[in-house]
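There are two complexes below, and they share chain A, which is joined by chain B in the first and by chain C in the second.
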Partner chain A sequence: MAVQWGDLAGADLGPLETLRDQWRGYVDRLEEYGNVLAEDVAKHLGEDVFEGDDAVAARARLDRFQTAVTGDVLDRAAAIRDALADQHDALKGELDRHESITTEAGNAGLSIAADGWVSLARPEQTVMGVEETEAQQQLIIDTAAAAAACVEAFALADAQLAAALNAAWEVPSELPMPIGENPEMQDIPTGPEHVADWWAGLDPMERDAYLEAFPDLLGGLDGMPADARNTANEATLEREVDALDAEVDSLERQLADMDARGVPEDSAERLMLQEELAAVQAKHDEAKGLQTNIATLEEEGKDVYLLDYSLEGDGQAVVSIGNPDTADNTAVHVPGTYSELSNFGTQMNRADTMYEDALKAAPDEETAVIAWLGYDAPDSVPQASNPQQAHDATGDLSSFMYGLEASHQGGDSHTSVMGHSYGSTVAGDTVRTYEGVADELITVASPGTSANSVEELNIDEDHVWSTTAEGDAIELPQDLGLLGHDATNDGFGGNEFTSDAVGADGGQIHGGYWRDVDENGDGEPDRPNEARSNIANIITGNTDKVGLVE
Partner chain B sequence: MAENRAIEPDSLNQAARLLFDLADSMGDDFPAVGDAMADAAEQGKEALPESSNAIGNLNERWTGYESKDMRENATTFAEYLAVFAADATEIEEYTAADFLRVADPELFGSEQRAAAVDEDSVSTTYQGPV
Partner chain C sequence: MTRRILTTVLTALALTAGGCSTVKEPGEILPEREFDNHEVYPIMEQLVADVVAVLPDFPGFAERRGTRHSCPDEKGNEIEGWVSIELSYSFDIPTSETEQVREQYTDLLREAWTEAGYQITWDEASPDESQYNLSASRGDGITLWWRVWGLTGITIQSGCVPIGNGDEKPAYIPPADGVPLDAEHDPFGNALDPSVYAVAESSDETTDAAAVAPFTDAQAIPGQVPFSSPASYENQL
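== the complex of A and B ==
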């Protein structure tokens, strides 16, 4: 309901005056807070008393805090103070006018009702002349107009004060968040470079808060540093293992209950439960297996980072041996057909072998080798004759590679993307589809790179490397060319490097590139497969030492 | 990563103490403003319907902001610095009492600090960021 003349009669501006005075004092106090932060606290956090990354972060946090308090917060508080002062004066002026109009009307024998209606207070008994009557009527009209104007101006001041206060509703957003307090998912950017920049701009406490709030998201977010991804993924994996443990226990109890109730062995109810238990147990074993494989490498003194994983479907995992954020050389190994989480240990062993070989090839450099099962690999040979699963993986692999570059500290790292078998189709298709994925492309026992010649790849042919050992079962699909070709095909371009055929048949040779060679047939390893030293030289940049096929 | 080092731990303690004091000051100063907003919002409903409503909303938003974003920021920042200072003075494990003593040796035992150090908190190992 709109304000009326009568409302002004009862209006008390006392609470508004108190509020105005309180905001005046509060603005003064905010200025003092800002001074404490800018001068007193800053003095005790100088570079002469506190150094290191935390010190830099602490000074940055102090700066943001102080800037917000003395900037946005103070500006808004001052606007509130000024609005209260200005509109209080306007309202007070209208109340004074209200009083004046009331007094003048009373002196003239007029009465103003609560709704602003003006009338004679005591109708005159004497007969007035025409001029007197007209003058009285004019006075009534003027008084009513003055009263209406007063009410209108009062309501306008009320509306203007409301508008000014509403404008100050939006709280300042630039303050650093309190530790552990609701970090917002919407603040997490997308794109590896943006992610890396965002993370670099957070202080250690903010990072902890985000990792605690969104481990599922941050664990797999390309551009995040390896140690943060590892922290998030290890915590999530531990929780998932615990949950699967509990689920296994529950299903086993239900089966035991069926035993007690005498439910027949072949009942549909029991068979369904047994099937469910087997599936949950398998998932549990995959997750535990991943933890165990990581722990085994860590016990050998290696830095191992769980950069991503998923227990969905066949399961996926990305594990780095060595820190890719600080490594001089980083190689990403993409496995092929039949790869899934249940046999991921094999891929970690291969990555570990490459890591050890790289240390020997470049003992003074830091190298990281990553086993990247970040895609759904074919489950059968017929599936592997279709390039679609490889092509579907190119977006994720390229994003991962860009993320490595974005999170790398201190200069560029020499990067290689290597695929074995169908994994080489993934690696090749990624290099064909995206620019700047890696410095080197290595294919081992490749059924094809998705390209017909090196010219279709976004990489110079001097940096394309391929090998296929004699007798490898992959030779047949290579000949078919269903997935394109690689450098072992005449006319493709690039470099073909040497490798030994290790294994009794084409299938064993296909997986024998990381095995040692038994030259004299005594069952004892004599030397590593040549492919290993060649791969090590490529990923460490010693390409002049790579043994090429004549 | 650059190694972190408190060259003068006491200086960090001083910074922490200033921030604790700042948080306390905020806690002392703002309630009167909040009360005044609540009073004005209630008293002005008839004659000042629009601004009364706006004052009520402002009170709610600013009070939440002031306590959460300003006061907690000052406090958590102070805690961080205090723990870092304690780390630098080679205290291996912090109880709440240790933490407050290190953070604010002079104020420890004062009414405000003593209220925080009840029996439970003394026996709780501090789990703050280190």
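== the complex of A and C ==
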């Protein structure tokens, strides 16, 4: 409703003044609060008085809280206070002008109606009952113009105040998470699709708050986007490396202290400490090795994402070269027996080789290749003859694959799940047990897929690919079929692609699918392994270019 | 019967894993090489320069990429002190699709490599004949691989070589003809040591010793060299 002259007569700026004064008080208290955080609280959390992981976390939390209070919240509160003060002054000025115009009009014998109409107050007494004089007419016109300008200015100030207040709150994505409303773990859903939807619904500040509060959980949560998982995992890994560094230092100091005290070399106390140091040092080296391997690939210009890791037991890790959320083609490589965090660099290098080959096979498409050691691989030969560890991994692998689909941006990605050696049993069993895991199944040197034929797999025969190089030691367990049948088995179905035998014996050949061929038998490589071009063409969907065994 | 099967399986898997009773020394797994990583990388760049030299109307490469991978034993464990380098130069997509680079250059390289005494080790089209692989062995463990794929280009493989000087980064060498000097087109440049700078010489003028290590006279240059290098390396390679 438009403001009229009569509205100004009854306007009361008292509530606005009260509000203005309240916001002045809020801002003053926020500034005081900021000073307390900056001076008193920070002093008690200082590096000189508070050490360790808790101290680092507390200082990080304080820093974020300070930023929220003295930055976002204070800025907005001050903007509201200023808007209230400025527009109050403007409105007050127009009310004063309203009063002045009314007084002057009265003195001149004019009357101003509520709608702004100006006329002679007592027309019968002027100009002897006849029409207004020319001077009176001009006065009426001037007064009407002044009244209209006053109303217009008042309405403008009112509108500007409304706009200023709305502007302070209408950009929710820039607002900090309200104080007192911390991210709650129970709000984090389960299931890759639910996770992807939940994350998509959070604003950037909320995402930051959740990543800061629950990096351990979110770093490995399927359905989360790759960049968020990477952020969480890199931060957690850095913290764990720092903690292991400190632990190694502490144990070394204790050993040095034993030296000083003359504790015998063969004392139980010293031997136990040495054993503990060796274990911690090994864990430290594994974690540091993972960081180094990632840094090496990044140095070569690749986008690398740490999608999951664990330092528990033999250690696990999931690393993507290329972004699976935006990739047109995504391949997941599952390694086999003896795989653990300490030798995960080899699996990353194999993924890197496949990534580089895929770039050259399909240069107008984006590809991501993931090394997935998200399971406890067999540590020994007897363990590798048992399908249980493969079957135990199928839930995690299928969840990971579904997560890739859920977090993928844009259209569908062409996905391949590939297993080498026992890893092919994991991949095969996952495709046998779950539907819609991948578009292509690739087995390399497989002891068995857990299935007896391609018909038991939840994937079309045309999209099952396998290879075993001649002389690979895996041929013997393949024949026995304790882990199901290998996909190269006669009658299994699917496609058998060519690969070269690289190595002097069955064991070397088994690990030689990404190595160059020693054509001359002189121990030195002479040509690339055919398996590389074939795998590159399968994972990029160029299947008519794959060399098949005749 | 069950025990016999299990024994057979365990034997096979033991072979698969490379055996569990003995640990092979690196020398038993990897062949002796006549150069380390610092020495082999300049040779690889020289081979690329030599490839460019025999290709007429050369349109210029668009990209230099590379990998530095550890050398694993049969259990996948890294053999400490060894690395394998793979260096790849590619044309851009439109150039990669031309008959000149896909067919004429393939024929010329086959001829040049044969004349150079290299052994042609792979000379084969894909089943649909849309891709081609031509590779040659120099007999010293270095492989040249002309890939006619979606991208056409040359890949040079060092095979596993010892890491010299305790440092994995070889000296910086500017990319071969045509590659812009920026991180987008030369991501591998960042993996080289910028404090040491070398420029390829013509292999025709080098001595035998220089042919093995043509960049041993590399100049040390302080600071960040790669992208403050001369704007053009034309006539320097």
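The rule is short, and it goes like this: the second predicted complex is superposed on the first by the 362 of 550 C-alpha atoms of A that agree within 3 Å, B and C clash if a C-alpha of one lies under 4 Å from a C-alpha of the other, contacts with A are read in each partner's own complex, and residues count from 1 in each chain.
Simple rule for what comes next: a residue touches a chain if its C-beta (ideal position, glycine included) is under 8 Å from a C-beta of that chain, and two chains touch if they have at least 3 such contacts.
Predicted model, so just to flag it, every value in this text is computed and none were measured.
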item	value
Touched partner set for A:F497, first chain B, second chain C, both or neither	neither
Partner chain(s) touched by A:E356 [first = chain B, second = chain C, both, neither]	second
First, second, both or neither for A:V73, with chain B first and chain C second	first
Chain B versus chain C as contact partner of A:L16, first or second or both or neither	first
Which of chain B and chain C A:W372 touches, first, second, both or neither	neither
Which superposed partner A:F50 touches (first chain B, second chain C, both, neither)	first
Touched partner set for A:D544, first chain B, second chain C, both or neither	second
Doubly contacted residues of chain A, that is, touched by chain B and again by chain C	none
List of chain B residues in touch with chain A within their complex	1-8, 11-12, 14-15, 18-19, 22, 25-26, 29-30, 32-33, 36-37, 39-40, 42-44, 46-51, 53-55, 57-58, 61-62, 65, 68-70, 72-77, 79-81, 84, 128-129
Chain A - residues contacting chain B, complex	1, 3, 7-8, 10-12, 14-16, 18-19, 22-23, 25-26, 29, 33, 36-37, 40-41, 44-46, 48-56, 58, 61-62, 65, 69, 73, 80, 87, 91, 154, 158-159, 161-163, 165-166, 168-169, 171-172, 175-181, 204-205, 208
In the complex, chain A residues that touch chain C	296, 299-302, 335, 337-339, 342-343, 345-347, 349, 352-353, 356, 359-364, 380-382, 384-385, 421, 447, 472-477, 480, 482, 505-508, 510-511, 516-517, 519-520, 522-528, 530, 533, 536-537, 544-548
Contact set on chain C toward chain A in their complex	5-6, 8-20, 29, 31, 33, 65-70, 72, 74-78, 86, 88, 90, 93, 96, 119, 121-122, 126-128, 130-131, 133, 135, 137, 139-141, 143, 145, 147, 149-151, 153, 155, 157, 159, 183, 187-188, 190-191
